[in-house]
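Taking it in order: structure first as structure tokens, then the write-up.
Chain IDs A, B, C and D follow the sequence of writing; residue 1 opens each chain.
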């Protein structure tokens, strides 16, 4: 393995699992453009193995695949093919992600996954970089359990060596529409205290890119709304509660997460928009007196993402952009704000009907989360 | 003037004010297809007067304008040109509708208006035919006030004759997105009692046809959401409360409306859909125990529109269609249900988060309300 | 089997092969609404067999499936299950249509197919009802060949009985975008003589419904043009030449088709339109002097579809509608003209550049061809 | 005025006429991002004068207006307000552009215009930077005529001073859909000789951004094609012939343009695409033998834009990008190629029907032409 260099931020060799899918394509593009990461190995299903990436993929991004990436030979998604990587990103389909990701972690390879399979595992951090980086503190507990339970056959550190579990780890990112709730709520809790939001209601207007490729048939969505996305509503509630959860450490120094108690009522719809989810959010606070709208605005705008403090090159300067225009955010105009890494918030206001304490809209892109 | 015939439903001669606009075009089409109504006089702004309707209008409907209608000569929107009509429908723009409609009523001509100008007048019935026909009981009070205050210069019944106010009247229809709230809520109140709904939240996904023509620029809405429609949110609340209000009569037999007390929190968005508004609705009931979801379903499906009892040919057989499919209603597939006169309701369910008592979606067309 | 009744147009029992696909769904709807046809048996692939049609199909039409149709049990696509039908319509996928359709014909069942597999067979009539009904004269030759070559194992007329080939037959309809060329060209040949058009150029803007369901992914076509449709350009030329071909009879009375000689240069594109293909057509005539634009207009408008002469209830009154407006036809506004069975022609004009003799646009729907 | 500095490419102070329109907004963005230009003065119609640009404009671009630009005070579109500029870009509406631009040129200010008013003036260069920069050779003749005919009242060089006409000049850019014809044709003429193309046919599928803002109503274009764009077809032919024309000089050294003789048959349609015009082009060559498709490909790919030779920072590395994929270019995926300044060509092929010699498609953006 390569040694840790004295130079800050040595370039990391990255693998992408599920490289031909739409999430995998985005991973490839983001890695190509990243100063500290490089695309080193790409993996996909059996039918693509042995082909070059350029030949295997049906490229659907407006930015072309770099020539060097296109020449990579697609590998099978087994740890042995990725031992040369410092970490892998998984854009695997839910139908296969569970087992493959586990095998990589057991083999000592850090995995950052976009799949839903392990998101609810209490030892797997579900991380929104601008909201809950502290949850990475779960890793030692995750490794401890891994060490106690797994008997790996081979690892990149040697055969069956027990050290392996000191390098393997799994971190999940969240469902795309959750980010727009988690980041503003984290900002409000930062300003007004953990648990400050008692309940919330959210109606999403989600873009078709969230459905992958080929994904949503045009016959279903052109000139139409599909007012249901399978499993999405439950995920918004459960993932937001985990992301907003508190991390605590036991006497041995191992961490666990206590889910937040906020109640979230969700309805998810699919709309004819290519990229960028929009949502309408209403909140009720746990305490009185209520923060003023101006105080809410300051709390959102002033929220400093920890990822930026750490110097991550893709971390947005602002985690949340509060728009003043009365008809923004709009997904087409605002999906590129802060390179797509910020959550745009607009129409922050009191609810004149008195049903809720405050209302706002957010718009955010869904496949830029590292 | 025409005499009341013994034959049931004599054909009524109708006028259309604002015939060149998109609402006026719909009025013309609906009248052409109606068994009891005929299109008799069309009026528009000065620049169209004297032309034939076919030449003056930029026709935007998929059903062509009938040849007979196309040959009508466009008149100025003054009562004198419409004395030969039994009633007029107003598709006038809000900027001019107020005064013109008043002048017609004062001249003894019944006006059914799609404009917002007089909707909040306490003596003007705001009628959704499948929800609150009883509010037409306001007419005598409206005429009484008219008689007391106006000194008409001319009327179709003669010059300055005080009888006029016995034929003039003004009835408004409601904002298009209100219908989908008003009809289901009327059904629930019919089943569970006036005032059974304490509060509600609604997020609309409104079609571009609601913006008229030329209306929403394509540069604004293609691949986009516009999360604001001027004035719309306030109208949903105020109009729904008026429509759901109770009518009562004083000792002289004159009626008045007491607005309903339901609190409605609304957010309105524009989506790239041609026709058919969709909305997400959440409700909290005033009493416990709660009606079951099955009971709610029965209340909605069993609701008999009074308009149908009266034998109106365009009244839908069902005021509300409850869809069982998990991903319906969808505006493109369902906007034609019951000829566009019904409200389609779907995803009727408990709110698992406990924030609300029940949730549903509706979809409904917006320019078919008579 | 049914006997020929004295009553005109006895109701025919129809089968639909491939009933769950989008073409099959349209066949079902059209049959339900047809005065002389009834939907009697539905067939689909193995995975749907045994289910009711309502359960097996993912219904995608805005008109709901009739209750009686929904209760039909889906059968396997083998002749034995359809012996009770007078004829079948095939909406089968190209990957399986070839063999299945042949087996039905061999078993004595008339098949009307939307699949491309047999369209270029010289003995199979490729029929556009408003253009070349005379090509049905190929049937006796088709049956003669069938009798000479096939040894059917079973037929609806009895086992292995040689009579079968007197009832079986196969008729194909054409690729959807060909219709808009074939009908106007047939009209021009009717007026100005066979072979009057020497060459033509066509650029199509085809709707997504032509790609079936799920068909075109929304990620591919929203806010986009896909300037290629596999195999489509070759089909336009070859199918148009066959449809416009002359039928002649040999001394034994058997017919054959001589393809037309017109050269057609085609480019096909897919556009974000739900239904209704549009195309730009330019033509050069074989002779001089040229017909005037007015004469062309009269030839198109005056063209009487033979299907109408025969009294087919779905035959349009006009085969071709020539629009005078300078910006029509438009697919959204004009796809319903004549119930979708007519070809709308617009912008008929001389080519001022002198490159072509005449130019026009057409718009037509693609799944209404019987 | 500032003097020409020895430093290469001194920063030029630029004005924008019609700054609130969609062309003007693009000019502002491009100038903000340009290394040698700066946005110095903005002008618009009377109703905007005196406001800050940020307040006056309804900003519709996804890139926000820079703060410094937003604070500029909008001026009236008269030369006196722009004397401090080195040059101005005109995004004025055709209804006013003619006279205003002339007044600026007469006052000694160089004008680069996007309006159509002066495009056909034989002394005004109609320039596509990657095709016919040599036409700028018309400027001395333009100035000579200006000197001979105009009696300016004031100029930025002094009052009524005859020197003025040595600084004023007018250069037009072409209609957006012409660029995709002009650049490939220029490349082919560069390789195979002036006049090598005898005739051509073009069908455009134009984006809505070409219609400006508010421009095309969404009710007109969603789920639809509008097969007519007023005046566009004539412009394609006349502007392409001017752009491809030859420049020659008389004995006094003054230039004139001889229009190219190529015949171009055009049909223009509007499609529901936001940005990026697509077109189908067919060509017939003047000579035999024909160049091979491979030779055509090399001619297009090898074409070096003169603008790049001059070191213009926004000049694309490639004037024409020839795509190998069978289904490209596509406007959504390819509109950003070479920063939007290149023409993407695809499906370059022989016409199998023999009607044309060669066919191709192009896609290009329309508001990035400097």
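FYI, a contact is a pair of C-beta atoms (placed from the backbone, for glycine too) under 8 Å apart; a residue touches a chain by one contact, two chains touch by 3 or more.
All values derive from a computational prediction rather than experimental measurement.
Interface comparison, C-D versus B-C: the higher count of C-beta contacts falls to C-D. The chain with its Cα centroid farthest from the Cα centroid of chain D is B.
Think of it this way: of A-D, C-D or B-D, only one pair shares over half of the A-B contact pairs by residue number, and it is C-D. Between chain B and chain C, the centres computed from C-alpha atoms are 43 Å apart.
Chain centres here are Cα averages; for chain A and chain C they lie 49 Å apart. Among the residues of chain D, those touching two or more other chains are numbered 60, 222-223, 272, 274, 332-333. Of all the residues in chain D, the ones that touch chain A in their complex are 60-63, 222-223, 274, 332-336. Across the complex, chain D meets chain C through its residues 199-201, 203, 205, 222-228, 234, 237, 263-267, 269, 271-274, 278, 280, 282, 326-333, 346-347, 351-356, 359, 361, 363.
Residues 22, 60, 208-209, 213-223, 272, 274 of chain B are the ones that touch chain D when the two sit in their complex.
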